[in-house]
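Going by the order they are written in, the chains are A, B, C, D and E; count residues from 1 in each one.
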Amino acid sequence: MEYVLIIISAIFVNNIVLNQFLGICPFLGVSKKISTAIGMTGAVTFVMVIATIVTYLIQKLVLDPFGIAYLQTISFILIIAALVQLVEIILKKVSPPLYQALGVFLPLITTNCAILGVAIMTIQKDFNLVEAVVFAASTAIGFGLALVTFAGIREQLDLMDIPKGMKGTPIALVVAGLLALAFMGFSGIV
Amino acid sequence: MNVISITIITLASLGVAAAIILYFVAQKFKVFEDPRIDEVEEVLPAANCGGCGFPGCRAFAEALVKADDISDLNCPVGGADTMSKAASILGKKVQAAAPTVAVLKCNGTCESRPRLNHYDGAESCSIAASLYGGETGCSYGCLGMGECVDACQFNAMYMDKETGLPVIKEENCVSCGACVAACPKKIIEIRKQGPKNRRIYVACANKDKGGVAKKACSSACIACSKCMKACPFGAIIVHQNVAQINPETCRYCRKCTPECPTGAILEANFPPKKEKKELVKDKAE
Amino acid sequence: MNQWNNFSKGFFKENAVFTLLLGMCPTLGVTSSAINGLGMGLATAFVLTMSNIVIALIKDLIPDKVRIPSFIVVIATFVTIVEMLMQAYLPSLFESLGLFIPLIVVNCIVLGRAEAFASKNNAISSMLDGLGMGLGFAMALTILGTFREFLGSGKIFNMTIFPEDYGMLVFVLAPGAFIALGYLIAFINNMKKTA
Amino acid sequence: MLKTFSLGGVHPEENKFSAGQKIETLEIPEQVSVLVAQHIGGPAEVAVDKGDQVKVGQIIATAAGFVSTNIHSPVSGTVLKIDTIIDASGYRKKAIIIKTEGDEWEANIDRSETLVKEITATPQEIIRKITNAGIVGLGGATFPSHVKLSVPPGKKCEVLILNGVECEPYLTSDHQLMMEKGEEILVGTKILMKALNVDKAIIGIENNKKDAIEKMSELSKSYDGISIQPLKVQYPQGGEKQLIDACIGKQVPSGKLPIEVGAVVQNTGTVFAVYEAVQKNKPLFERVVTVTGKSVKKPSNFKARIGTPISQLIDAAGGLPEDTGKIIGGGPMMGKALTTTDIPVTKGSSGILIMPEEIAKRKPSQNCIRCAKCVSVCPMGLSPYLLMTVSEKSVWDRAEEEKIMDCIECGSCSFTCPSSRPLLDYIRLGKGTVGQIIRNRTNK
Amino acid sequence: MNTLTVSPSPHVHSGDSVKKNMYGVIIALLPALAASIFYFGIGAVVVTITSVLACVVFEYLIQKYLLKNKPSIFDGSAALTGLLLAFNLPTYLPIWIIIIGSLVAIGIGKMSFGGLGNNPFNPALVGRVFLLISFPVQMTTWPTPIISRLHYFGITPEILDATTGATPLSILKEGVSNGVANAEIMQQLPSLSELFFGLMGGSAGESAAAALILGGLYLLIKKIITWHIPVSIIGTVVIFTTLLKLIHPDLYAGPAFHLLTGGVLLGAIFMATDYVTSPMSHKGMLIFGIGIGVITVLIRIFGSFPEGVSFAILIMNGFVPLIDKYIKPKRFGEVIKTQKA
């Protein structure tokens, strides 16, 4: 039951993008097409889960025992940066079309605050390893849900005549706002 | 001391571990991509207009890098300047292509072409053209709904409300050919800019016989061949009931223009006629 | 003149938030009040300036291949310093900014400026660039924070303008952040077009 | 039980003003303009010269290739010239212009009205006669009939379906033909059944022609294997795929021909022409044309020679009304708006519809309100709103993905749109462009 | 003779128009409006007039001065948005809040996207939810029917206590969270027949089930809406709540109660069926409706908001583009393909 609560909370109630304001850059950047949004979700999920596991282990096995918790930020970001580069290299070889589609945003996963944010939140919330993994995965799914829904709306808006002043980022932000408004309905479920 | 050393050791070992893993993975999954593509793309205008015949500047850059001989490839937007830059990156030579500009091969204004019916379909030249010949008797001329203007990315065209025809702003035109592709009647031509930007061309595309064409439009080419006879350089031919001036052989003598009974031959950017007559007189004297 | 330009471009012409659309997460996340916006903006400005200086100084020592990780380490160091300082001297602000303080490290502007400017220019220019960009960012956050605080609770920097009952709570919450920023950017875009 | 097709459809006002009007034979015009392209496929090649004397029924242009047909002289007289004239497409097309002198027919044509029931010709002979007689689909599509009758190897025709639906509002030519020449149509059906080697034929007739259903049912009792299927009034039931679905409940797969489900569809008018060609040796040079409209004085059904200018038909129906705003060749849903009244009758002219000015003009187009009415009326199950938008924005790959090529251009979407959007205009444009893209791709 | 008009086919039109549809929905809302005025009196009138007027005026101003389009306020869509917004507001709401709601509905919900047809979210609901979150106190102060008929602007403060009450759903929610036994709560609630005729506290237009159903039938007969969305929403709510009732009869209220309260009918018949923000295919509509039903019940049972229809519709509005992209109408000729495969 606890896991269910974590999952529902991470996906709907405390949605990482719509409620926590993390991962906004890719949310606004890679959401022009549904297909790239799905690809990005995959990449983020992968990196997020792995990063959470590795940073969790580092925190528990290295930083805490040595009493150097203040190195959290530096060491976490190092690991994440390395991981992202790993994914980038592998993706470039294994699936060039996906690599092309995600383009510049793969390196940006490094600076995707959602990844680092989740890694830090896991430590703050004092999860055990399994909970951490569940939390990371469902947060990524929540990210994906918001991203893909958002991409769907943007794809549709692309075919419509949006007023000149609102085109591009402004209308995207308004849509995100309204989506967040709708998702507020889930508040209190957990 | 201890804290500092632990800090340093931890960070260093983390960094080293990451570096080693990355190095091996990078070796294993190496993908080669020609770095020159990026360099060439950098010098292209990034208009992605498709004027070069490729689906965007990146594709054109790839084509340039791959091609052994880039003399056929030309970026009309950037012109000779861009091409020479690109060529220098690739260490290849480029031939200067003559600058070109779009011209409209129709002078059927509202006045010269009486309207015979009223079009009530969707505002689109292509739709009207696939439906029928047009609101006037000329089924070759401009339909006047400005699809070419919409296609132009460079703000080089506008619709003249008086004449109902599009006007090309030469100073903005980069001759990318988007309007040519957009026009369902194919009455826009990419033509050599000519010396001092001067051009002589036939502003008509009507392939009907003279009588029919004349009835439909008072400024139509009626294929009377007078211009052909007047041309001392044989630059004019009449093909399918329309006169055509070959820009390669035309010497800009302007003898054909006054011969045309319907005024279908247009001159661009020449000094006013009077001056020219004086010049002729001067020479005669 | 050139140096002035390095400094001033961050305010309007290349404003990180309104023009370049970078650093969206803290922009939206912490601007529920003007003071939070200002605090976050200044913290970012500090990190940006310091890391720009350091990177400009050490840029020749770092091999090209590992420059990004090295930049990140430099940035992370300053972020940790800010974190510690704030925790010690401004505990209430630290509390309300929470997670977003360590997340300065992944703010796209910081790394973006390091990569685009500091790694190519000298220390003085880089410092001015970082300061300008950072203060521009702080300005944007303060504007947005003021806007949201005003609409949301009728206050500006905690000074009551109209009774809180009339405030639209939604502007303090997530949806209001997105919507307010959306219209702010639309407004600025239109200003730019007419200017 | 009334059957109908399974998806979509609309029911426009029927306005069959000319229903019940006996088919009148129109006076032979003084001069005819016979277009050489009156069918889908390559234009026929002109086989006469200026000054030649021709008889009624003489071939004046020969088929150029398999998908093409012969064209016969509709009058006797002298060929004045071969020139271009404006046709229904609004463009100038090549035509043979003949001045009428007398009414002398080719000798082998049987001009009597007697019914010839016995079918002596072999299947091969039947197809040859149909080919020679230049018969095309008379419902408006003008697809050469002999091509349709040539079942491709490996396929088997199981049922012949006759289209007596006439789902277009206003038009009544097929209806009247069934009322007056029912017996001939049934013999024609038998001929086609023999040619196709099938023993089952269904004549689909919409329920707004109760008299025709009764009459044909009565007559068909003496013809084996022919049954009448009354159908619910629903446009576009006359569409080939819709009619097959309505009559035998099978759906032709996307991009395939009716023979895929074992069906061949012919229009009743075409079947009558087949009867005349096979039993009477009479080639296709005249047809029944409805002239109708809200303000037309005398809505009528005429038997007119091909090449007659439509102005003559309009005059015979009481002249062009004062308030004319639009003249349509064909029905109001799929017909073509004409630019002049000098256009000649062709093999595909099923009717001339004269619309008053106030209903001829379209209402201004508004924003799409996504009411989904176009989706629910589309007989092909497409999303017209989306197809229009992607065509307008030139997103061709998306248009192809959304199966724009399945559109049958019935116009139900534009008809029903509350925002009066020109849906079909753009879809047709998109269909043309996507078709070109697909052809280019397959050619490569 | 006039110059002939030439246009592509078809040359006839059904005569249907945006106006007809919009006014059709407005007509269908009239019985509910009448019921609302009957129960809530002046308050209902004030709220409705303010909201409709404000929406129309805002739309006109935005079109004229910001978008510089030809104003199209007479197509009835702005008035409809205003009416629907009013139906979702308590009749005690101060005028300035109603005006803010109208501005949000029209300005943010609709005109930011370019006007009618472009908005992904239902404008009236955007306005409503915006207000609900911004002004939680005012938005949940419900007048008691009939007693409060003559009261607006707090004219008679001494009997104010008698004039405000909670909605049945909030009573239920409150009760459950305070651990009051179900039977006891039930006694405080209006009877089912009272619910059916709207004798309960609540938003202006959502109470009278009978009037809403009447309007729904009108829409169905006029073919302005199809049955898919309302039936799937109502069906899902009924099935879901029946199941819950069967599992825990003490904890949950039955399906009839859920159906007749908290705007399920208003949402199912009038809000979710909004053309612009609902899916295009019938299959899509069913999915959309089921989604709304499920989310509504989830929010009611587990969430912090007592009703939830508005949120559920808005959330599903967000999914409409995805539904439209992946759920296509049944294509002609598809049947055979699947049979073969």
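Criterion: a residue touches a chain if its C-beta (ideal position, glycine included) is under 8 Å from a C-beta of that chain, and two chains touch if they have at least 3 such contacts.
Here the structure is a predicted model, which means the values were calculated and not measured.
For the pair chain A and chain E, chains touching both partners: B, C, D.
Just count the C-beta contacts per chain pair and the biggest one is D-E.
In this assembly, the C-alpha centroid of chain C lies 41 Å from the C-alpha centroid of chain E. As a whole-number value, the distance joining the C-alpha centres of chain B and chain C reads 45 Å. Averaging C-alpha coordinates per chain places the centre of chain A 21 Å away from that of chain C.
Touching two or more other chains at once are residues 69, 73, 170, 173, 175, 179 of chain C. Residue positions 90, 336-337, 339-340, 360-362, 386, 422, 425, 428 of chain D are each in touch with at least two other chains.
Residues of chain B found to touch two or more other chains are 11, 15, 18-19, 116-117, 120-122, 127, 131-132.
Interface residues of chain A, counted against chain E in their complex, comprise 34, 148-149, 152-153, 155-157, 160-163, 165-166, 171, 174-175, 178-179, 181-189. Those residues of chain A lying in contact with chain D across their complex are 159-160. The touching residues of chain E, counted against chain B in their complex, run 3-8.
Chain D makes touch with chain B in their complex at residues 84, 86, 89-92, 336-337, 339-340, 360-362, 365, 422, 425-426, 428-429, 432.
Those residues of chain C lying in contact with chain E across their complex are 167-171, 173, 175, 179.
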